[in-house]
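Reviewing the structure listed below.
By written order: A, B and C. Residues from 1 in each chain.
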Amino acid sequence: MEKILDVKDLQINFDTFAGQVKAIRNVSFHLNKGETLAIVGESGSGKSVTVRSIMGLLANNAHVDNGSIDFKGKDLLKASPRELESIRGNDISMIFQDPMTSLDPTMPIGKQVAEPLLIHGSMSKKKAMARAEEVLELVGITNAKNRMKDYPHQFSGGQRQRIVIAISIVNYPEVLIADEPTTALDVTIQAQIIDLMKELQNKIETSIIFITHDLGVVAGIADRVAVMYAGKIIEYGSVDEIFYNPQHPYTWGLLNSMPTLDTSSDRLYAIPGTPPNLLNPPAGDAFAPRNPYAMEIDYEQMPPFYKVTDTHYAATWLLDPNAPKVEPPAAIKKRQEEYHQLVAEGKIQSSVKGGAKDGE
Amino acid sequence: MGKYILKRIGYMILTLFIIATATFFLMKLMPGSPYANQAKMSAEQIKIMNQQYGLDKPVFQQYLIYLVGLLHGDFGTSFQFNNQPVSYLISSRIGPSMQIGVQAIILGTVLGILLGAIAAIRKNSWVDTVATFFAILGRSIPNFVFAVLLQFFLAFKLKIFPIALWDGFSSSILPTIALAMAPLATTARFMRTEMVDVLNSDYIELARAKGNTPWQTVAKHALRNSLIPVITIIGPMAVDLMVGSMVVENIFSIPGIGDQFVKSITTNDYPTIMGLTLLYSFMLIVVILVVDILYGFIDPRIRLSGNEGSN
Amino acid sequence: MADNSTDIKFKENSFKRIEQHNVDEQEKISAPSLTFFQDAVRRLKKNKAAVISLWLLALIVVFSIISIWWTPSDPNAQHVAYANLPPKIANGQIPGFTGKANVGGRIVDKYAQAKVPAGTYYVLGTDYLGRDLFSRLMKGIALSLLIGFLATLFDLVIGVPYGVVSGWKGGRVDTLMQRFIEIISSIPNLVIVILMLLLFTPGLGSIVVAMGITGWITMARLVRAETLTLKTQEYVLAARTLGESPFKIAMKHLIPNLSSTIIIQTMFSIPTAIFFEAFLSFIGIGIPAPNASLGTLLSDGQKTFRFLPYQMWYPAAAISIIMIAFNLLADGLRDAFDPKTQE
């Protein structure tokens, strides 16, 4: 499969008044052409920072200390500001979290949607506006023709997010980065936006990096999932592998804390404790203090990635041949059993190929 | 919008009426005779004068006469300058005041906007420090101190400008600079705060994500969004200018209404004080109204929601 | 990305399970918790300009308090023979304080000319009536500060309750109170002050009252806006639901939360009042002679500025420094109380 984006050993630090925050610690992942990769993790795990570094939109006090981001044979981290500007909004574009604040309040939306076309293409203004109208229609703004001159405050939150999406796809980007695009929206609207993104992905054939802290959203849209914790990716695999056969105790915790219809207990599970302070990241597995399965070595050494399948890797010492066998929580065990059965029945395959999306 | 403007104009007239009434009765309460500077007059002469000025009638009748006069643009007759109507005094002196006032506000706001915008874009750099320093100076040093310093160094010592003489544009430069300091400082400070806010906003990040260069982002998105609120401080700045003009005109001997106001106070020329008070209030109210309407027209959030302006 | 465990050394107990840690301990917040005010003070201390301003102002206030009982000489005593003497310190060795002046191109020892006995000198010189300018400056600063503080007191006494009531009551009361403010604020406050001063006999009291009548409006507006926001806060709603009396709510919930707004606005009002006094005295309707204020000193100094610049230099420097210090301190306080403005 063709890799369109390849991030290797990314290390990003932030200078703050209290010291250096090690926000991203050796993150590597890649994005295949045409797929949707979800990056999941709680607030502060470094998801947003990672994708902002792809866009070259890091805060002033952030600096990339190591790594490479390969996009079509070019290292984006070494690109000049001008090169990055020509890629942003053209080859790679981004959807932001809060549609209420992402649009310029004093510019008509038609102009805002047409703006990337005017920046990157040699298109006439008239043509760009026509395209903007088409794209607005495409994302589901009804009566787009008459609404081109309207301002953001005249639209609802869901409509505004559709406009933000229109801006991001107007140039048919090869990579679309969606940074929690549904978090600020009502649940009913969330589903609509997810459906729209799936539909658009088919129409414009783009690859998507989808950032979220909501595993429920992931199941609906992603092909592959990477789980981040404390500035590191701790497990990645196909969406089925992560959902049905998770290996890292943190992923177990995440899945357990997600409400499902058959959640029998009336209390929702919560992972105890708080993420570590990244001013002084722990030597071993950052999750160890919150990990009920922690071992001595979790405090001492960082776990390497252990291979589960060709597409599924997890960084936990539990997978070491020397580690004692542990029983995952009951709910996770149930999932794993279901998974093995489904694989045995041939309903799903253990790797991504073959569209794993119908597993739900 | 039309209805809103009409309503505002209604309030404006009401406010002016209240001010006119208040100043009239205040003036009636003022101690001292209007002819104090002509103490040698006999009782007979004073009686004639009172008749001439209508001061022999009951106060309420005087008030009505005053109001009717106001409607005809008649502000009464100056006590100080022999039988000169106040309206003539004002109209002959408003030109120079307007000239330096308008020059100062243009100079102050344009430089202030530039300074504030650059300070915000280059936040925490030396440019920012310098801009902040100037803004603090402009806000802290009273404009009459500044005016005297300018006069001393540039006019008296270096002889670049005339000291105190009203003769053409060159003589308006120093007073304009002296007057422009306060609006410059206010605008720069306000603009910086607004611009820093705007530059931190999500839509600026989206603008960058679209592929705009930093300067395109500022020109297309940041500037307009931070300029709109700057309009709201024009009102308070107009007040500063009026206050400032009084001393600055006095120091540079400019034959304007500010200078006239100060002179009228020292000579107890009540009709002139009243006339100028009304004029100042009128100008201020008009400025505030125009600013509100302008704001409504420029900010789409107010213009299109059809609500009653900003409060 | 595959197995990269080349340099890992296992110990024998590496894979021993660890008993779960106390969760409460993990939830502990490591940084010491600070109250809002402690945090503000901490931030203020980091702002060098504000700290220097604070100390400078403290020094000036101490000098002003001293001037109530002691000045080098009587600030209102006239020695016409010693009129317009330039500044001189001790034996006149320090440049700028030599007691000599340039008269028509020649350096003249003014003190010798005026037959001032040796050992008598005026640090900042004398004015046209031979009054000691240093003593007058001390008294003048004290008077200006007093006016600043008193006028600001009006802000607190009228502006704060007005804003709280207007914001808290809302509805028709609020509309009415805001209309009233609108009318007052559409007359330039200068005009109101001048009319008031014409009505009363000039002096400290009338200046303070005249400024107080208009000065409270900004405070009232800010406090009202803040009250409107606070009113909808959950803890205030909770207190209301529990039936606490409005007065108690104001005292317990509103005033503490309004305090930062009030303190900051006070810090901006004081220099405004000082400026206004100086302005009024400058145009001749402020503090009456012979008393000294910064305004009267500037006004006197301006008349002879071209020839005896020192008479205006020092009061001008004094008022500028005081204004800058107050403004820097106010800026510092605002930044300290409003963490949003910080990075």
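Going forward, a residue touches a chain if its C-beta (ideal position, glycine included) is under 8 Å from a C-beta of that chain, and two chains touch if they have at least 3 such contacts.
The UniProt protein names, listed by chain, are A = ABC transporter ATP-binding protein; B = Oligopeptide ABC transporter permease; C = ABC transporter permease.
Note that the structure is predicted; figures quoted are calculated from it, not measured.
Q: Count the smallest number of chain-to-chain hops linking chain B with chain C (ABC transporter permease), moving only between touching chains.
A: Contact-graph shortest path, chain B to chain C (ABC transporter permease), evaluates to 1.
Q: Comparing A-C against A-B, which pair counts more contacting C-beta pairs?
A: Pair with the higher count of C-beta contacts: A-B.
Q: Taking the mean of each chain's Cα atoms, which chain ends up nearest the overall Cα mean?
A: C
Q: For chain A, which other chain has the most distant CA centre?
A: B
Q: Need the CA-centroid distance for the pair chain B / chain C (ABC transporter permease), whole Å please.
A: Measuring from centre to centre gives 24 Å for this pair.
Q: Compute the distance, rounded to whole Å, between the mean C-alpha positions of chain A and chain B.
A: It comes to 56 Å between the two C-alpha centres.
Q: Give, as an integer number of Å, the spacing between the C-alpha centres of chain C (ABC transporter permease) and chain A.
A: Once rounded, the distance between the two centres reads 52 Å.
Q: Find every residue in chain C (ABC transporter permease) that makes contact with two or more other chains and list them.
A: none
Q: Can you list the chain A residues in contact with two or more other chains?
A: Nothing qualifies.
Q: Using the touch rule from the top, collect the residues of chain C (ABC transporter permease) that touch chain B in their complex.
A: Contacts found on chain C (ABC transporter permease): 178, 182-183, 186-191, 194-195, 198-199, 271, 275, 278-279, 282-285, 298, 302, 305-306, 309, 312, 316, 319-320, 323-324, 326-328, 331, 341.
Q: Touching chain A in the complex: which residues of chain B?
A: Residue list for chain B touching chain A: 201-203, 205-213, 216, 220-221, 224-225, 228, 299-301, 304-305.
Q: Taking the touch rule as given, give the residues of chain A at its contact with chain B in the complex, in rising order.
A: Where chain A meets chain B, its residues are 55, 57, 81-82, 85-90, 93-94, 96-98, 101-107, 115-116, 119-120, 151, 153-154, 164, 167-168.
Q: Hey, which residues of chain A end up touching chain C (ABC transporter permease) in the complex?
A: Interface residues on the chain A side: 28, 272-274, 277, 288-290, 292-301, 304-307, 313, 317, 320, 322-324.
Q: Chain A touches which residues of chain C (ABC transporter permease) in the complex?
A: Contact set of chain C (ABC transporter permease) toward chain A: 1-5, 8, 10-11, 13-18, 20-21, 23, 26-27, 30.
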